[in-house]
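Presented below are the structures under discussion, each in the form of structure tokens.
Two complexes, one shared chain (chain A), two partners (chain B, chain C).
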Partner chain A sequence: MKTIFLAYLISFSWILVAQDIKVVKYAISYDFIPVVDTLKGTLGGPFEFLLLHADGESRFHASNKQFNDSMSYVYILANPQFANPKTQEEAQEAVDHYTTEMRNWMKNEVVNYLVRKDFGAKKIQNELTFAFPPQHLEEPLNFSWNIGEKQDTIAGLFCYNAYTTYGGRKYTAWFSPDVPIPDGPYVFSGLPGLIVEISDEKGWFTFRLKSISVSPHQRFWDVNYINPQSEVISRKSYVDQSIKQKNNPRMPAGVEVSEEQLLDMKKRHKRSYYLLLESY
Partner chain B sequence: MFPVQGNFISNAVRQQRVWIFPLLLFTALRTHGQATLSGIVTDEKGLPIAGASLVVRQKLDGLILAFALSANTGEYSMTFTSTTDSLWFTVSHLSYASQKKVIVGQPKRLDWVLVAQVYKLPEIAITQSVMIRRGDTLVFDVNRLKTAQDVHIEDVLARIPGITVEPSGKILYQDLPISKFYIEGLDMLEGRYALATRNLRVDVIRDIEILERHQPVQALDSLISPPNAAINLRLKSKVVFTGEGGAGSGLLPALYSASGNVFGFQKKQQFNVLGMGNNIGEQQRSNFNSLYEGVSFEEIIVSPTVIQPTFRVPSINIFDNQELTGGINFIRKLSPHSQLKFQAFTASDRMQYRGRRERTWRDSDEEVRFDELLQAKEVLGLLNAKMVYELNKPSLYTKASIESEKGNTETSVNNQINSRISLEDFARDKLNVHGRWEAILRKGQHAYRLWSRIDYKEETIDLEVRPLYLVGTASPEREFNRAIQTVHEQILVSDTYTSFILRHNQFIGNFKSGIQMRQTRFTSDLSELAASGSQNSLGPLFQNDVTQMRWAPYLEQDYSWIRKKGEWKLHLPVAFHQLAIEDDLLKTNLRRGLMVFQPQLEYLPRSGGFSAQFTFSRDYNQDQLFYNSFLLITNRQFNRQVFAVNQREKYELSLRYQGKSNKSGLYYNSRLNLSATRADFLPTTVFDSLGQASSLIAASNVQQSGNWQNVFTVTPWSSVQIKLETNYTMVVSPGNLNTNRLNIIIHQAVAEPYVVYSFGKSILSCRFRAEYYESNIAPTPVWQTQLRWVFFHQFPKNWGNINLSFDHYRTAIGQRIVVNQLLNIRYKNSIPSWKLDISLYLNNLTDEADFTTFTQDNFYEELSRFRLRPRQFFLKLAKKF
Partner chain C sequence: MKSIFFSLAFILIGSFSFAHTKNIEVMANRAFPLGIIEATEDAVPPTKEAVELPAACWIVTIHASCGGIYPTQYCNEGRHGTLSQWIRSINTAACGPTV
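Let's look at the complex of A and B:
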């Protein structure tokens, strides 16, 4: 219990110091449809993800995470008395209050990715969301696309198709030059128009456009989106850890759970093919 | 030796040339086609813009040849291969106005200066809407519209709000038939679009465009804005070859069905080849009907005594057939504005009709009942070919077409009438040739049109009946063991007109003047057939030889006044008809001149609301066949026309109210028609225990009718749609039965609610139809109800879908009640990796023997039982490619 408290305290303290609001240039939501049974081809979801862009940087994560983080930010503004706990009792009280309040509106973040695209430095950072201490993959932002001859209308937008390979998979994207945003879901970008839909050749992972907002507006913006203490790991390590997490899930170091909880987690992760999106 | 060496050298050089020449050619081609373009993208202050998208295309909406994104320094570079002299370059950025340039030649550097602009999303649906509007065009996203059970594009079209797909395949948009059906802008099928909507797979279609108020003739663009819409299908790829082949078999009796179709769509040409054969009751040849033209029921002068199937029951439960059909359609764009089309199809069928009919004739004094056991076999063959050339330019339009159709039908009838054998042999041969030519010349706001048509029709009919009774024919009642009637008809029609269209602001005038000629030659002869096979004519009372000639110059004036909320229309047609009718047997003739006019005033709202139409016409039955003597139109039924013109005057008022609310999903349409018709002649009928005869008598009479139709559609919740149609008709008409003058009053009312409820992966629909018929000369009113349940369910995990339909028909005539039930089940599954569709049909599961219908005419009522196909199991596999 003490370790759980410690984890909460760490994350709570982090919330207190690292939150901000920023004007984003565009906010685009996608539905993520991952496979949950590869033998039968059963698809899961959809899970809503959000693509935000500000100051030459794009971020992609679950809409639920955005919601939870922004509500935490609102909580902090509304409860400044818990901002600086001096004693363990005060910290305990702050955590209890926060937990009680959060329970009312906290949304599930079961399926999540954290991807940061830095268009200036031309690099992608992809956090290993379950890892503790934090770790992330860092790769150059440099996609090679082949434009296809097919055209289609998806979500009301006139689209062209394009092909690329990434992380061991071949992808087909549909992009719309009518929306001049050279960005897309997850790590994908670099086409002369917004990526409206993208899926791998097996149809296991699909991102599909849900809504677009291109008028600049304020959004919650985590200053330290990728933890500054996060360690850069190799693709092999990223993929191996992901496979391990799917097949034999573990809680972050320091967080203890019962065998029963672990078994339940293992059962749930059997269908968590979303963890296998990255490959060699 | 030198020459030898020389030869060796020259050979070596020659060999080198063989290699060098293609290499040089290849290098030259590569050098000529490939180009690298670079430059810088800056804002108005000269600061570099990063992340701008640069795209190069051969055409503005064509394929992308290459693209680049500008770097942080604003610089970009892209390499592309082009085969044309000019290219389109576009640059776009979320914070700057997009720019487009067409460049001739192959520039090496192109710099761009973008102007800051707040980006606004184009008129698109960003929240998963299935439809967007671009001006007068509605674009429906097929990906979002299609569901698991949709196979062909008709399934998707039927679900688009405002579109109705009739059982014939005809498509209406907002209650008006569509004027054109394009695929990638080309109208290959020329009205036979059911071939596409029922065969073209939905997964090759990208968008469905509805072009509202579509004017297909460029020369009339902005001059005439028709109320009808057109449909254009946009494909996922500019070049598509698609098709499917399927075959199936079943039991009770041995059943088969096989079909194959190929569609090819290229930039400049499209084609389609189809072939089908089945004995499961599908009438595929009806898909070759042109749906641009109104439904014209072919008027057959003489017909065999065959029980007719009801249209209310699915054809797979009714038609006992052996149909083979094949067709080809081809269109080629000869130039950007001209095209050539060719269409042809052939069909053959063997049909069987079986059933029982009880027809009761009744007047105030007597009642005659015919109990008929009807059984017929019909063999038909049909061959049709059509060629069309069209030039459609803004300044000039011309279209020429020729269509020819040859058909023959042979029917063998084996009936029992009131327990007496009655046999018939019927043979009909027909030939139709239609030629059309049209030209329109546009000059400014004026357009001139010249239009011409020639139609030729020839028909020969033989009806042999065994036995024949002469009844009500002003001849002594007689019976012949065997008799044959031979009919021959030739019709030649030509029509040529010129028209002039002008537009002045909101005022449009259309003036049309022309001349029509119609020549008809009609002969008939009823003869006794002796045992030896010799024919002895029954004499002039049953012989006709009439020639009709009509010259009709005419003038039509149409005026339209377009207002902000609607349009006023005045139609003023007037014609002079010069008739010359010669009876070559009786040596009599009729020559008469008649003025025919039909003015009409109409108000049409631009988008829903109230519309009205008033029509007055002074006319006569222009298609009437004049003959003096009796004609056996069907066994035991003689008919005679008068050798005079039956003139009519008609007043008709039509009021319509139409509205919709996109927010609540409510659509309603109410139409009221009132009419009164006065005619010079009155139909008169006589009957006795052997048959009936009808003719016209000179007696002025007035028929009045009123009709009120309502359609009401609402979607109260996203999962429920309710549609209600009501129709009430009242007719007051005079009649003459067995020399008694009657005043017939008929009330007929129909209510048809339709509810669709979708839940989970299931759809449940219920259609109920209640019909009430009452006539002042019938003893009891008639109630007919039909209840149709359809349940559809999509199984999870690629286990396919099931469609279950149950029909319950109930007819009550006084105390007498007749009930029919039909249960059909269809299971369907697809194996996407094999592109295979599997369908299993279980038809008429309750094994109902007959389908019973009740009809009432002015003087008789009829209860008929049509023999249904028995319980049947059928498995069909279809492979897409």
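Let's look at the complex of A and C:
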């Protein structure tokens, strides 16, 4: 009987694992350097982001999110008794257990973007990460690039420059034909080589290549990367909400928060220019 | 005027016959679940259980890693994501950013 139970458990775990782990074709990390003071031109970070690709789909998010997601996944496998609370008491117990167990593991993921590029359907989904109920921007994946004549060596790779406009900003990219991956950080892609560095014309937002792994390997892969109930919103709504969050931040709907806590949030968001990357 | 009347009548009769046909299909599907008449998703009404998902909501208190305490509603109906995702998003909103 025990053997049957164990076999069942193992096979069930395997199904769970199979759903949430994928062999990625490449994993590329970038440093994100956002402006934190536009008057003085002070830059913040760097914050490490990760570009993963599997089955015609690229995902771009903070490396710390990837770490936290995979740790949470392991936590859920190890603590199935807290997975589906049935009562108020069980829900609170689950919250307290997770908070206590994971406190020492969790990494800071305060600067985050969550972008999904679907190369088959040729669309980009860009989550409004702070919003609740969940919302995202959905736009076609069709960048128009002008390839320049400048050449340089960046991160040890021979690069050409290229220009594009996206979301109200002009960008200059450096790409390397030596790495035949037509992908890049954030929403950017479509050049005949990996984007090694990209920066807007004001120099407020820069993504710079940090490391490349092109050997297929397994990574945590959330089946619900974009919440299935996420609402598609317009660019105007996305940008307006982002500006509002920077200037007058709010907690997600349904969270009780004191005036003092809100004031503290407002202070901390003064330098959050990363929220203004998208424009119109 | 006449044409409007006839158009309305046509729409009414059309929708009645459509609904009637659909009801017959539904009845047939119930009577012959193994499919004398081929079951289609449209013809079979969703069960009561499928319509009324057992969504539950609780008020839970989250202790943010930076010290604050945040009572929050959490519902297991999908929009909040998993409980751990919800805890993390509250923690991130409460403690960040520290650029």
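Quick note on the criterion: the second predicted complex is superposed on the first by the 260 of 280 C-alpha atoms of A that agree within 3 Å, B and C clash if a C-alpha of one lies under 4 Å from a C-alpha of the other, contacts with A are read in each partner's own complex, and residues count from 1 in each chain.
As a convention for this text, a contact is a pair of C-beta atoms (placed from the backbone, for glycine too) under 8 Å apart; a residue touches a chain by one contact, two chains touch by 3 or more.
All figures in this text were calculated on a predicted structure; none of them were measured in a lab.
By the touch criterion defined above, A:Leu52 lies against neither chain B nor chain C after alignment on the C-alpha atoms of chain A. Considering which of chain B and chain C touches more of chain A, the answer is C. When both complexes are overlaid on chain A, the residue A:Leu277 reaches neither chain B nor chain C.
Looking at the shared chain after the overlay, A:Val115 reaches neither chain B nor chain C.
Looking at the shared chain after the overlay, A:Val24 reaches neither chain B nor chain C.
By the touch criterion stated above, A:Ile33 is placed in contact with neither chain B nor chain C. In the superposition on chain A, contact of A:Phe130 is made with chain C only, not with chain B.
When the shared chain is aligned, chain B comes close enough to touch A:Gly193, but chain C does not.
Interface of chain C with chain A (complex): residues 56, 58-63, 65, 68, 70-74, 76, 78-85, 87-99. Within the complex, the chain A residues that touch chain C are 34, 36, 44-45, 68, 72, 75-76, 82, 84-88, 91-92, 94-96, 98-99, 102-103, 106, 108-112, 130, 132-134, 224, 227-229, 249, 251-252, 254-257, 261, 265, 268-269, 271-272, 274. Touching chain A in their complex are the following residues of chain B: 50-55, 63-64, 66-69, 72, 90, 92-95, 98, 118-122, 124-132, 139, 141-144, 206-207, 234, 236-238, 797-798.
Across the interface of their complex, chain B is touched by residues 25-26, 40-42, 56, 119-120, 147, 149-157, 160, 177-182, 190-193, 209-212, 214-215 of chain A.
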